[in-house]
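Two complexes are shown next, each including subunit A; its partner changes from subunit B in the first to subunit C in the second.
Up next is the complex of A and B:
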């Protein structure tokens, strides 16, 4: 599961949706893989305003990446600075969790990630 | 300028929806001048030749586009129209290497007859060499005949057009993505032609993000990725996406077609208990929800919690076990459609589109009504008809919030929710019920 995807997801339990603690999910015992992909500047610029930057900063530090700036870069900054674009591309799209768990900060439920595919199905008492 | 679009004579109700969507993708000012579901020839207006080529390059249902030189109900009328409209173009092609071609829909000519018609254009001052194999310019005479014209002995076509060939469409993609040549498919994989058309109608394009909540083996994500979108998918059945791993998996299909860069992610989840944040993030949502005939429609939960308390216990005790399989229950198809629209209204960006397939009986009394949502405006309804039922590809546009009617939103919030009336698959799903009864009306 890519870091970008993690930014779009929260706990599947309905009661957790309204709690700020449920986002982002926290990686636990995560094995990371790097997959080289061609940089797609249009895609990065398009996705920028849809990101929860605060959550991305949390995820990035939890995965051991150097700290991200407080504020997201602007589209112009990314277009002007190739390194910034590549770093963000690397974090969002080239880095993924292949094995491990994702933990909700609100209810503590753990979602397993196997072979890069996370499982968000819930037992019946949580539906 | 006017152009002839030559369509494939198939999936007729999808053709205009596709071409109009492509005009939106390419930001072209398209006007349809003449269209008939019964004819493969469509006349459109566009600002330039370059625009015409751009419009057609992704189309699955068009075959080619031509600069319109003339039209008429008879050959004489056609010549009159060519002589009136195109003399200013003639000098450009004076020395060009060219050929003439005939395309008679539902009609036939002997090769002598074809040659005779082509020779009636001898007034065009073309002095360049004629090449049948490698011409630089191709002029095509399109004819439209009445149905059954040959056995009925009809002598003349109903209408004739002439145009200069500009560009071919992307119709050959249908073969490239043919399911027979795909490494990993299942019984419900969408055929490549309809998947590619769905991607076109939902405006998949480079830089955009697409999501398929019923991904299965990935037919839609692959089609959207082909057109440059980055695609995400989920399915309640993780096995359908994993397959046997490597080549025989959803991701394996992306690799087969060299579309790795268009693969976002897949994860296992249930539409009614989705982990997705409810913020605008998707440019497009495409879906072929299970309607309970070939594939059961199930969501998380217990069918009868009171009778099976041990299943709840097991969930509490073993819920965290990696091999635990949560129980699922049958769900109403109409409630699912409603859920999809609510989800789309919450997660589509402004003007983003949601396209999904839904089946219905052809019999009017048993027809399943189209779901609606105040934040979503219907863009197109395309129908693929079978004998007693048909499936429709319905596409909506997310209206910007400032344009959404507040009164309609309030009325929607207060509406009677689609409730699960019953617990068995038949009770929950009128289409499934009708399907297995052969859509017979009750005596």
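Up next is the complex of A and C:
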């Protein structure tokens, strides 16, 4: 489960849909793996405006990364500064959670992550 | 061909052996690959994007998304959802690049609003039409799926879902569910009338102005060998103006309405709605 995906995931429980606390999901007992991937600058620039930067800051601090700046970088900054782009790429795409749990901040439901696959199946009374 | 949808639920049907068979069968691989390419053509993505693969299975279609070259506006980053653990297990062994999620699309799409540039689904959504337990219905699952998908796509985003409907009724049910969720929807049929017919449900979000055209038909604008058939209902009451009370047409309408309510209605004959002769 890449950090990029985690930034878009919300709690699947119906009652949490309207609550702002259901996003982002909080990683718990997370084991991280790093993969080498080719940098895809166009893709990052494309996704940048849709990233929830506050959520990303929360996630990265919970995963034990150095704090991110308050404001998201702009597309021009990323194109000019190769280091910034690499760092963001490393955090978003190369870092992934392989084992652990994702916890909803609203209802406390825990989604298990095994071998990088999160289990979002719900019992039918929660749908 | 037999329909696995009729026998078992997706997560039960695709067990370890069935998932392996599905993935290693070169005929299925070829068909899936050509359908994915066709879907990509319909999506017409201008730059590397974030794509949701609905019912990704073992990642046969996702592989193609990651393998696109920069000339083809790729490679795309994708997130796959599937309900069958065995299929995802095969995907893990094949070392696909996308992120995988074990989730039932009939329970909704657990992403926040406006997450994805596009969504793709190859031979998956017909599974929604078979509800396996008493507390879910096909209609409910379809509406949860399409509502979730609609929310998770960004404005101007597109989704292409290839599916195998069992009959016309199922085709209609799926399309109507998509329209009800707010999508602009169109059906594209490849090789119509043959055994190899392939049906693509093309969905658009919000963007009312696709390549200058006001509606869904703009998606296939400029594509070769595509005929547009518009069967949308034109203005409903062509006669114009309210029906005259007491006229034959009005009586027929009332009778129809009562019949639909389940009332007992006299059969319609040639005398229905006729004036009595004054001599009577």
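We take it that the second predicted complex is superposed on the first by the 127 of 127 C-alpha atoms of A that agree within 3 Å, B and C clash if a C-alpha of one lies under 4 Å from a C-alpha of the other, contacts with A are read in each partner's own complex, and residues count from 1 in each chain.
Here, contacts are C-beta pairs under 8 Å (C-beta built on N, C-alpha and C of every residue); 3 or more make two chains touch, one makes a residue touch a chain.
In this text, all values refer to a predicted model and were calculated from it rather than measured experimentally.
Student: Mind checking the superposed model to see whether subunit B and subunit C fit together on subunit A or clash?
Tutor: clash
Student: For A:110 in the superposed arrangement: first (subunit B), second (subunit C), both or neither?
Tutor: A:110 contacts subunit B only, not subunit C.
Student: Quick check for you: in the superposed arrangement, does A:53 touch first (subunit B), second (subunit C), both or neither?
Tutor: Touch partners of A:53: none, neither subunit B nor subunit C.
Student: Is it subunit B or subunit C that touches the larger share of residues in subunit A?
Tutor: When the residues of subunit A touched by each partner are counted, B comes out ahead.
Student: Name the contact category of A:65: first (subunit B only), second (subunit C only), both, or neither.
Tutor: The answer is neither, since A:65 touches no partner chain.
Student: May I ask you to decide whether A:118 touches subunit B, subunit C, both, or neither, giving the answer as first, second, both or neither?
Tutor: both
Student: Clash with subunit C: which of subunit B's stretches 57-65, 129-137 or 381-389?
Tutor: Superposition on chain A puts subunit C right on top of 381-389.
Student: Which parts of subunit A are touched by subunit B and by subunit C alike?
Tutor: 1-2, 4-5, 8-12, 14, 23, 37, 40, 42-43, 46-47, 50, 52, 96, 115-122, 124, 127
Student: In their complex, what parts of subunit B are in touch with subunit A?
Tutor: Interface residues on the subunit B side: 206-209, 230, 232, 234, 236, 238, 241-242, 245, 260-261, 264-270, 273-281, 283, 300-302, 305, 311-312, 314-316, 318-320, 322, 324, 326-327, 349.
Student: Give the list of subunit A residues in touch with subunit C in this complex.
Tutor: 1-2, 4-5, 8-12, 14, 23, 37, 40, 42-43, 46-47, 50, 52, 93, 96, 115-122, 124, 127
Student: Along subunit A, where are the residues that touch subunit B in the complex?
Tutor: Where subunit A meets subunit B, its residues are 1-2, 4-5, 8-14, 17, 23, 25, 37-38, 40, 42-43, 45-47, 50, 52, 96, 110-112, 114-127.
Student: Tell me, which parts of subunit C touch subunit A in their complex?
Tutor: These residues of subunit C touch subunit A: 47-50, 75-77, 79, 81, 83, 88, 92, 97, 99-104, 107-108, 110-112, 114-117, 133, 135-136, 144, 152, 154.
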